[in-house]
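Please find the structures below.
Consider the two complexes below, in which subunit A is the common component and subunit B and subunit C are the respective partners.
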Partner chain A sequence: MILLATLGRRLLVAVPILLVVSVLLFVALRVLPVDPAAMSMPPNATRDEIEGARRQMGLDRPLPEQYAIWLGHAVHGDFGRSIHLRRDVLPLIGQTLPGTIELAVCAMVVASVLGLAGGLLLFSLRGRAAEAVAETGTTLLMSIPEFLWALLFIFVFGVLLQAMPFTGRLDPGLERPVVTGFLLLDALLVGRVDVFRSAAVHLLLPAVALGLAFAPPIMRVLRSSLLDVYHEDYIRQARLRGVSETRILLRHALKNAILPTLTLMGVQFGFLFGGSLLVEVIYSYPGMGNLMVDAVRNADLPIIQLVGLTYCVVVLLINSLVDGLYLVLNPRLRKR
Partner chain B sequence: MSLLEARDLSVSVSLDGQAVPVLRRLNLALEPGKVLGLVGESGAGKSMIGRTVAQLLPPGFSVTSGSLMFDGRDLVRMAPARRRGLLGRDIAFIPQEPLTALNPVLTIGAQMDEHFVHLGMTGRQERHARAVTALEAVHLPEAGDLLRRYPHQLSGGMCQRVLIAMAFASHPRLVVADEPTTALDVTIQAHIMELMAELQRRDGTAVLFITHDLRLAARICDDICVLYAGAVVEQGPARKVFGLPSHPYTRCLQLANPSMRGARRALYALPEQMPGLRALTGIAGCRFAPRCPVAADECRSLDPPLAGDGHKAACLRSELTASIDVGDARRPPAPHRGQKPLLEVAGLSKRFTSGSLFRRSATLAVRDVSFRIGAGEFVAVVGESGSGKSTLGRLLMGLESPSAGRIMLAGQDVTIGTEAARQHRIRMAQMVFQDPQSALNPRRRVGAIVTQALEAGGQRVSRDARERRAGELLAEMGLSPEMATRTPSQLSGGQRQRVNIARALCTVPKLLVADEIVSGLDVSVQAQMLTLLQRLRQELDFAMLFISHDLSVVRHLCDRVLVMYRGEIVEQGATEAVFAAPQHDYTRTLLAAVPAEL
Partner chain C sequence: MPRWLRSGRVIVGLLIVLAVLSCALFAPLLAPHDPDEQDLLATLLPAAWQAGGDPAHLLGTDGLGRDVLSRLMFGARVAMTVALVASFGAMAVGSVLAYVAGYLGGWADWLIGRAVDVWMSFPPVILSLILMTGLGTGASNVILAIVLVDWTRFCRVLRSEVLVVARRDYVAAARLVGFSHWRTVTREIVPATIPLLVTLLTLEMGIAVVVEAILSFVGLGVKSSQIAWGQMIADGREAIYQAPWNLLAPVAAIFITVAGFNMLGDGLRRSLDVRMVEGRE
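And now, the complex of A and B:
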């Protein structure tokens, strides 16, 4: 009940936030020194023809009026047409977003598993000689960005060992089933094991590259919050009751130490979503990142606008989700 | 045979590669079914003994010699798995801070269930039934509902009952209770002690009771061990040890405690503090000698053995102990100057609201409070936690704004919210906070801290003037001028509290609001503080609102007392009159909860 109330409140707050972001995006894109009208015309177009296109696009009107028109269309689900691709923008997002979500979620799973396991390992090494080695190791891991992992993996697994594919989402010969847009899910829904395997293999390198870059901070935070928690009275009291060390770590300490870690993971997921852009480009992965890069290259304002908004929506959703999880895991927040 | 017996037990800590003793050749014995009290100032090694029982010593600490026998088996040399089998089953622990000793993310039921699994119960139903029985045994109502709750939904007293229920659930043979009531209100403290005594009698449990509260120890212990600097200085039956102490240290501690009955007497302020671990290694002879009022030359060269039959003391001159005394202290005459009162509070209320926009709930933390404080008068506010004492203090200082009512300070209304009223309040009233550790900025030097008030209101005070004022203040507090260049972390607890008070006195206010400024201090340091406050009162002539839960301190220090209960002042009057003939039921409960005289 309280969970639903919190989520509801979160979504209510999301509306004004989205409006503010849309205004910021709108203004920022209009002050850029690019002329979408000129770029949409053939190179031999006359000044009058360009001017006509400007009028047709509504670019000659004052900025607030332009925004009002855009907003009026947007609330009816019309986010305009791509200048370059000459298609409606919303379906473009619909086609690319699921791929990016799939990549980001898989990367987050990789980051979480590695981060939590690494954090527990680091913690269990405390006070031993190996601790210094492990610390140096995480610092090294922390300083390697996702695109470096991506390139490294292509070189080792793709080129050197030729064990893994490193472009696209599927083997060329396979036909892509479309039910929800999420490839892994769709393959299972239509019962195509071969498609699922191929999609999974294609996802592996980008997801691990992205996840590896985000795992080290999770390790660090989990380790230090475990160290903090071990100073708490309830840990000592559990020991005094004869509770075993394994049980103390996994049942008593981890349940408390996971809370700050969860906050970090929520923040990270937002960054990770943005970070997928580079990885998508490197692996020619048809997601929102690639769409965005193309749109920026072509000054395709409607696409940039909607991708920006989508990014904002995703971050807000993740925040609400983390808040909800926090409520589930931390009874102190569930006031009676 | 004794249930628990320490034989020449020594514990050391390694500091910079050097082994520094923490417990020295300790010998003590606890018989089955008896209560042994360990008393002494903080740092005496009381808690270390409890930790040695569980072999959960802090990093760097280790047992260097001797043994600690439990039921004929040495806990020190026992295999860890075997010792863990004893913990929670035959040996149980009751902690100091009940609110933090339960895991906040697990329900009470989950934690009790885990304990019963450890005790070897397999059936889920059986464990649940046992948990309910255990909670009922500690007089917690609605046990079934309680099992579904989380620790933060319970009060401190309830948490402690849950912990006691868990401790006694296995009918242990030994219970180690480390300051089990220090964090609780006086009235709850009395209930908890009764409960422990009840369960202890039921199971014939032996209790190792660690406390700094001599009065409490005198009430519940069969035998007493007085520890100083890691060694036993006096031990014997409680009646004898407190009735006629043989060691000067015990006597001094006794005299440092303000009395609850009879004539008000001066406090014996033991000088300085117990030396730190490192300093102790350098002391030859009796380690108490530097602070001892009857020490002679021989005490500084000879380490006295624990001597005597039944009632033992480690002192060469124990025949002089009884001669240590302090005179009666007359309370300075309460100021009747016939002028207007310094502080006049009328109809003061504070309402706190919480909850969402639609489901707001309000609590009246302070309701319709009226009282006066005359110039130079010390007035106490007593009551249990949540009674609104601290909120009242914060309202006076303008740290909270009142929902209703008026505060007149030296004839001027300070609740009107103008800048002039604010300046007036700052000039007239200052506050001393409870915990000097967190009240003093750790990055500033003492000299800057105590003259902080000179920075207020954009006034320009020269560096020389500030240094001069800092020197004066430190001298008044009985601190050496070199302290000015130190940071708070380089001071002892008592010194820090002096700095804390000095800061409030910098601009010579007429009213001091002091929130629990002597709780949490050792009784010797507390005696130093109380003596200091009385001297400063004579010299600086300020009034004080003294918020406290310790009635004996209030009796010693304050002219008048306000008793607060659920936000209201239920009784007020001259301290002696209120303590001798309390009118309100709540006051009677408070007074009855204080353990009788030593």
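And now, the complex of A and C:
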């Protein structure tokens, strides 16, 4: 109940944010030095023809009017047509978003597992000589962003060892089942083990590359909140009662230390979702990131606009969910 | 010797940053070749120590026969320029807004807080791509895009610090003595937040190096006539089987530079004893 109520409240706040975001996107993209109308025409088009295309796209009207028209269509689910691909934009998002979510969720699982395990490891090294080494290690880990991991993995596992595929989502020759759009899920739904295996193998490198980049901050926050929690009286109490150290760590300390870590993981997931763009480009993974980069190269405004908006919607949704979860897990924050 | 210089991390970080900076500044003197000089008879040479390598090209040559090491050194120029200018710019915008929001409170705080909310709902990579679409390529636009994206990193963290500092007794005392608002902020509050600012600034420089590389990699960074690490990576990816150093060299350069800034920032954070929100990007 609390989760739903918070979620509802947060989503209400998200609506005006999204409106402002859409205005900003609109303005940022309309100061463009390139002319999308001219780009959509064949190279031998006359000036009049280009002018006609501009008028048809509504690009000759004042900016606020253009926005009002766009918004009017948008609330009816019409986000315009791609200038370059000459298709409606909304289905394009529908086709690419599940792939990106699949990648981001898998990467987040990798980041969480590595982050939490690493945080516990760092914490268990406290006061020992190895601590300094481990801390320098995390600083160095934090210096490798996702796209460097992605490139290094391609070099090591794809080129040197030739052990892993590093383009696309499936082996060529396998047909892609489409039920929900989530490939792993779809493969299971239609009962194709070979498709599932191929998809999982293709997803492994991108997901680990993306996850690795976002694990070190989780390690650090978990470690420092564990250090904070261990100063509390209830830890000493538990010790006096003869509770074992492992049990103190896992049952008493971790429960409280996980809260700040969870907040950070929510923020991280937002960043990770954006970071998936580069990983998609590097692994030629057909998702929203590649759609976006292609659109940017072709100055395909309707696509850029909707993809940008979709990224924001996802981030806002994640933030609202994390806030709700936080309240569920931390009764102290609940208001009567 | 000041306390912050006694930290091992600070010294190592500083040495790395200074080394990269010297490569950038003295690239014309240090580089063994003209970075744009093509030698179409010696394309995609492997590194000097590998079979078929040429001692004249330590890290080999790229697809047009240009010397990788020389390009790496000239690439440091764009990376360091962007890192320094963009992070100072982001700090200027973000910290001024943070002081205004934290000190004045009220509607100014509300307005700035909502602006941060809007900005934070964009993943940074997406926002910078959109801005570069609008602005067009070029080093100065890369800098502008980073400033416009990353001011929130400073604003968010610094605002909460200002809130704490502004409630201290000596700030109230300064007001009672008759200091104007301007003088209270500049003389009492700003100095108290300098350690945090320095730390954030250093970490932001590392972030700026990465963002510039990302934008140049996608082809939306500096002009294609300029040498940038991100572009070298994009080119090197094509030649990954024949001459892997085309790819590995710029990857290593980015890692070393970012690690330098991160070590420096981390060391400063510890020795200046700044409570800081952990987070990346």
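Descriptive notes on the structure:
Following the convention adopted for this analysis, the second predicted complex is superposed on the first by the 334 of 336 C-alpha atoms of A that agree within 3 Å, B and C clash if a C-alpha of one lies under 4 Å from a C-alpha of the other, contacts with A are read in each partner's own complex, and residues count from 1 in each chain.
Rule of thumb we're sticking to: a residue touches a chain if its C-beta (ideal position, glycine included) is under 8 Å from a C-beta of that chain, and two chains touch if they have at least 3 such contacts.
None of these values were measured; they are calculated from a predicted model.
After superposition on the shared chain, subunit A has more residues touched by C, the comparison being subunit B against subunit C.
When the shared chain is aligned, no partner comes close enough to touch A:A45: not subunit B, not subunit C.
In the superposed model, A:R220 lies in contact with subunit C only, and not with subunit B. In the superposition on chain A, contact of A:L316 is made with subunit C only, not with subunit B.
Once chain A of one complex is fitted onto chain A of the other, the partner contacts of A:V243 are limited to subunit B, with no touch recorded for subunit C.
When the two complexes are overlaid on their common chain A, residue A:L329 makes contact with subunit B while staying clear of subunit C.
The intersection of subunit A residues touching subunit B with those touching subunit C, taken from the two complexes, is empty. Against subunit A, in their complex, subunit B makes its touches with residues 54, 56, 59, 84-89, 92-93, 95-97, 100-107, 114-115, 118, 150, 152-153, 163, 166.
The touching residues of subunit A, when paired with subunit C in their complex, are 14, 17-18, 20-21, 24-25, 28-29, 31-33, 136, 139-140, 142-145, 147-148, 151-152, 154-155, 159, 214, 216-217, 220-221, 224, 264, 267-268, 270-271, 273-275, 277-278, 281-282, 292-293, 296-297, 299, 304, 307-308, 311-312, 315-316, 319. Per the touch definition, subunit A reaches subunit B in the complex via residues 127, 232-234, 236-244, 247, 251-252, 255-256, 329-332, 336. Of all the residues in subunit C, the ones that touch subunit A in their complex are 9, 114, 117-118, 120-127, 129-134, 136, 206, 210, 213-214, 217-220, 233, 237, 240-241, 244, 247-248, 251, 254-255, 258-259, 262-263, 266, 278-281.
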